[in-house]
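First subunit A sits with subunit B, and in the next complex the same chain sits with subunit C.
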Partner chain A sequence: MRSRALVPWLWLLPAGCLLVPFFVLPLAVTFRNSFWRDDDSGVAVPAFTFANYARVLGDPYYLQVFGNTLWIALLIAALALAIAFPFAWLLARLTGRAQALVFWVVYLPLYVSVVMRAFGWIVILADSGVVNQALLAMGLIRQPIRILFEVEGMVIGMLHRYLPLMIVPLVTALRKLDPSLLRASANLGAGHWYTWRRVVVPAALPGIVAGTQLVFSGVLSDYVTPSLMGASGYQLVAPAIYYEAATNSAWALAGAMATLTLALVSLLLVVANALLRRFAPWAATL
Partner chain B sequence: MAATALAADAAADTLDPAAAAERPPVLEIASLRKSFGSMLALDRCDLTLRQGEIVALLGASGCGKSTLLNIIAGFETADFGTLRLRGALLNKVPPHRRNIAMVFQSYALFPHMTVAGNIAYGLEVRGLGKAEMASRVAEMVGILRLQGLEGRYPQQLSGGQRQRVAVARALAIRPDMLLLDEAFSALDKNLREETQLELSLLLRRLDVTTILVTHDQREAFALADRVAVMHAGRIAQIGTPEQVYRHPATDQVLRFLGSANTLRGTARAGEIRLAEGLGYALPPGRTVPEGPVSVLFRTEDAGVSTVPTAIHRAHPARVTLSTFFGAQERVVLDLDGQQVVVDRPVRSADPLASLPAGSAVFLDLDPERCRLEAG
Partner chain C sequence: MKPQFGVAERFHAAAVLLFLVAPILVAMIVAFSSGNRLDFPPPGLSLRWFGVALGNELFIDGLLVSLVLAAASAVLATIAGTGAALAINHHRFRGRSLVQAAVMLPIAMPTIVLGLGLLFTLSIYDMQPGLLPTILGHAVLGLPYVVAMVTAALASYDTSLERASLNLGAGPARTFLRVTLPLIGNGVVAGGVSAFMISLDNISLSLFISKGDTLPLRLMQQLQSYADPSVAAIATVVVGLSAAGFLLSLAWGARRRRLVEPAPPGAAAGRPPAESKEATA
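And now, the complex of A and B:
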């Protein structure tokens, strides 16, 4: 009886074999390190302390890094939402072959490694890249404008990377919208804008929340895009953690930063779900 | 308060045809035509509804009834013809400015709004004040017996409750007209009949001009003052349920309402021969070209007996199958190789349902009740 109850859990075994040694354990070590002390030889030594957290939360540099990251995450989420919404609306209305084709286009960036994509953007956005060459040739600019290795370039790269994560949940939500609801709204006297605001957006709300959560978590932990395309004067959390750990050998400090980032992501997920429950109680009845 | 006022000036239960003719027209449709690509969906449709009248558009799927409803609601535009609401031309008015409310087949309730929110939607769009909106919602909740459900979401309601919310939402805006699009098809039989009766009484009490679209003859007859039978994009016949049933204008109407038999025969020298020894003189005033004819008659318009009767000419036939349905029985006969279905009320004195297959009986056919079709 008891052993039979355990059988379903066996399905977790393959994933567990991978996740426990290569994800859960390192995470636990990182968490433990965050309460230890960095010594001068570049090792975390067991001496329980909150000093790392105090330092991260007290130093304007680190606070700035977290602020930058949150701001960029917010910006990317907002831009992705603005671009993804009409796109998802179109996708949800398409059927058959056309829909498969557009979906393929959405997923296309995911087929290429993120590093390769960053290099692709470098070719396009660099001072001697395609965009600048074209603008120069057209006589619109006298000298190349700096896009790459600036915040703008990084935003473009991240937007490209995270857009599919916003589109897919939105399409899923909008597909559930019964087209007769749009007719019902018009029939009751509502114009297009009113219907959009009162019927379409609420229907998309679960998708908006899910997409925003995915994009937010993605940007908060993105290392590759800011490292390859970002501005040196505009630090984000993930590269900063890498710098502390790999270059400064401050593993304990890096652990505290990583733990705080993880806490931030978890907090955002909890808050978003709480907001959804509070302002869209109907979502639970669907 | 408004609810009692509505109840107080409750109109007569059914619209007297003579009185109806004097009431002002609400909807006037003339020569309406609509095609989708090469498919003609509506062809020369004319229809006038007077205040408080309930008209059913009845027909099989693809007959054009839904297209007509969508044109009235404004979801489709007619290629040709005019549409007037209380005298004003409606053709170019967008759906949200028509004040014609619709109950959708799926009810189309907003899943993110409560019952009260759904009912209030049209009032909110019209910019009604909070107090008036609340009193109108309460009125509708009362009329449609939705008390206690105001705070529920549509997903938390039963099918019958959802339908009542959809009706409440549509009537809350005090529309010039109500459209019901197969509004009962999602309900099971008992609930459907109960709801039809209830809604029929309500619409007459509130004097709501209504068009309902259905493929269900019982539903059309249960609710409507007049039934428009549609076939191939046209209104084949319009009249009271009794008129269209008793005096079908076309073969399609006859075939669509109730169940009908089609027998092959030959017309010669003023007589129709259906089988060896079974010939009828053509009723006076009826002509049909000589040669093969089809004879159509309703399954309840023929009689069956175990002994020959003297009412009309009775012809020997054999029972193929007999089925007991409760108040009715259905006897399938073999008449010289042709199949005839007869539906008749069960009479305890003369039960036929118990007759074994192969029993010899007599078929009694009234030529007056038959339609003839050359070919």
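And now, the complex of A and C:
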């Protein structure tokens, strides 16, 4: 009986060998190093100081970076939710071939290199790109409007990158909704909006939460889209972490920024699940 | 009751689909451009940028590195993830829910943070940035997707088959290879394919722990310094390769389904990565 109790742990051994040294420990070391001190020679030396945090939380530049990132993450999550919800509702009610085809298109971006997707947007949004050509030809504008290398262009690129991550969990949640509930609601005299508010949205809640979490952690660690499509004056946290580490050799400072990023994502996870358990206990995942 | 779709609803859906497809289609068309610049529509069609891309050593080296990296990390992720999924779904043990949360955590954690942390940690293992740490790092990212898809495959799996096999005298290893693995094969393949694709497209992690020689990093550098259609051309080649791989995995899945009836409903081969939320939600 004692040896039987070991069986699950044997199955877990490969995952443990991967996760402990290459996931758990790196996060722990990042946390530890965030209290170290950056030497002038470009190495982090052991210490215990809150100086890095004081600098990140006290310097307007770094605050701006975190503020920008949170704002963009919120914006992308809200836009993605607003766009994805009606779409997911339609997709969840489609059947057979039509559903398979639409699903295929939703997954398509996930199978295409993110650099190629950015390339496509560059062609579309550039000053001499598709959008500007069309607007100029229609006489709506006299000068090309600058979209690429501005916040707007970056938001479009990110929305494209993260929209499928909102659509898929939403569809998954909505497909579990029993259609007879909708009939019941209508039969009991509920109007269209009332049914939406009391039946459809509650059923979608787990998907909304999962999608928002995916979008948030995506935006927070997105290096590519801001680098290829963003404005140089509008820094986000992922490129900023890389810059501090690789270019400035401010390793401990980068560690503090990374720890704060991690804290933000964890906070979102915890808060979202606490809210779910309070207001929608049927949807709580943690 | 047949679902009814309003005009506004259809229009919205069409717009979303167009938005999702547009940049990919545009990039592919520009890859076949005969012009020098990123003009759209292109002045004419030609294969010249494919010639330029395939003649670019940086791209070809990067492609080889990325393929080796994706294959190796997918194998590691598949082994570790399948084991973890079996442990979580077939056994009841103390700390099971904690383990379950832990193996799914790499999806929720920002990759850029893990990249920095791995770089910090490499010196502890006496490693330098390069292929090996990148393989291990990417395997961590692929692991939750394998767990999710094997878990989905296990949802329709009947453990009594396993017990029957053991009772009939097959050893645990034989039972695993001849009973368990064929039954969850679709989920294992789907998980492996997802892990492969995740690795093939990763930048945030490779940025820190590779030598900067993976294809996505090289393409990004090229696009930042000088954007010409060769970037789109090599990316189109990769899309072609993954499409071929995807079709192969579909064919393999179809063969499996014929061999093992009835088909596990949640385990169609080639289920794309984001579907994993189904198992976690």
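One rule holds for everything that comes next: the second predicted complex is superposed on the first by the 260 of 286 C-alpha atoms of A that agree within 3 Å, B and C clash if a C-alpha of one lies under 4 Å from a C-alpha of the other, contacts with A are read in each partner's own complex, and residues count from 1 in each chain.
In this text, a contact is a pair of C-beta atoms (placed from the backbone, for glycine too) under 8 Å apart; a residue touches a chain by one contact, two chains touch by 3 or more.
What you see is a predicted model; the values in this text were computed from it and never measured.
By the touch criterion defined above, A:83 reaches subunit C but does not reach subunit B. By the touch criterion defined above, A:254 lies against subunit C but remains apart from subunit B after alignment on the C-alpha atoms of chain A.
Of the two partner chains placed around the shared chain by superposition, neither subunit B nor subunit C is touched by A:99. In the superposed pair of complexes, A:15 makes contact with subunit C only, with no contact to subunit B. Once the two complexes are overlaid on the shared chain, A:203 sits against subunit B while remaining clear of subunit C.
Measured by the number of subunit A residues touched, the leading partner among subunit B and subunit C is C. In the superposition on chain A, A:183 makes contact with both subunit B and subunit C. Once the two complexes are overlaid on the shared chain, A:217 sits against subunit C while remaining clear of subunit B.
Overlaid on A, the two complexes show subunit B and subunit C touching the same residues of subunit A, namely 183, 285-286. Those residues of subunit A that touch subunit C in the complex are listed here as 5, 7-9, 11-15, 17-19, 21-23, 25-30, 33, 83-84, 86-87, 89-91, 93-94, 102, 105-124, 126, 128-130, 160, 163-165, 168-169, 172-173, 179, 183, 206-207, 210-211, 213-214, 217, 220-224, 227-228, 237-238, 241-242, 245-246, 251, 254-255, 258-259, 261-262, 265, 269, 285-286. For subunit B in complex with subunit A, the touching residues are 73-75, 94-97, 99-102, 104-106, 108-114, 121-122, 125-126, 153, 155-156, 169-170, 173. Across the interface of their complex, subunit B is touched by residues 178, 180-181, 183-191, 194, 198-199, 202-203, 205, 280, 282-283, 285-286 of subunit A.
On subunit C, the positions that touch subunit A within their shared complex are 1, 3, 5, 9-10, 12-13, 16-17, 19-27, 30, 38-40, 76-77, 79-81, 83-84, 86-88, 90-91, 93, 96, 99, 101-103, 105-114, 116-121, 124-125, 136-137, 139-140, 143, 147, 197, 200-201, 203-204, 207-208, 215-216, 219-220, 223-224, 227, 231-232, 235-236, 238-239, 242-243, 246, 272-275, 277-278, 280-281.
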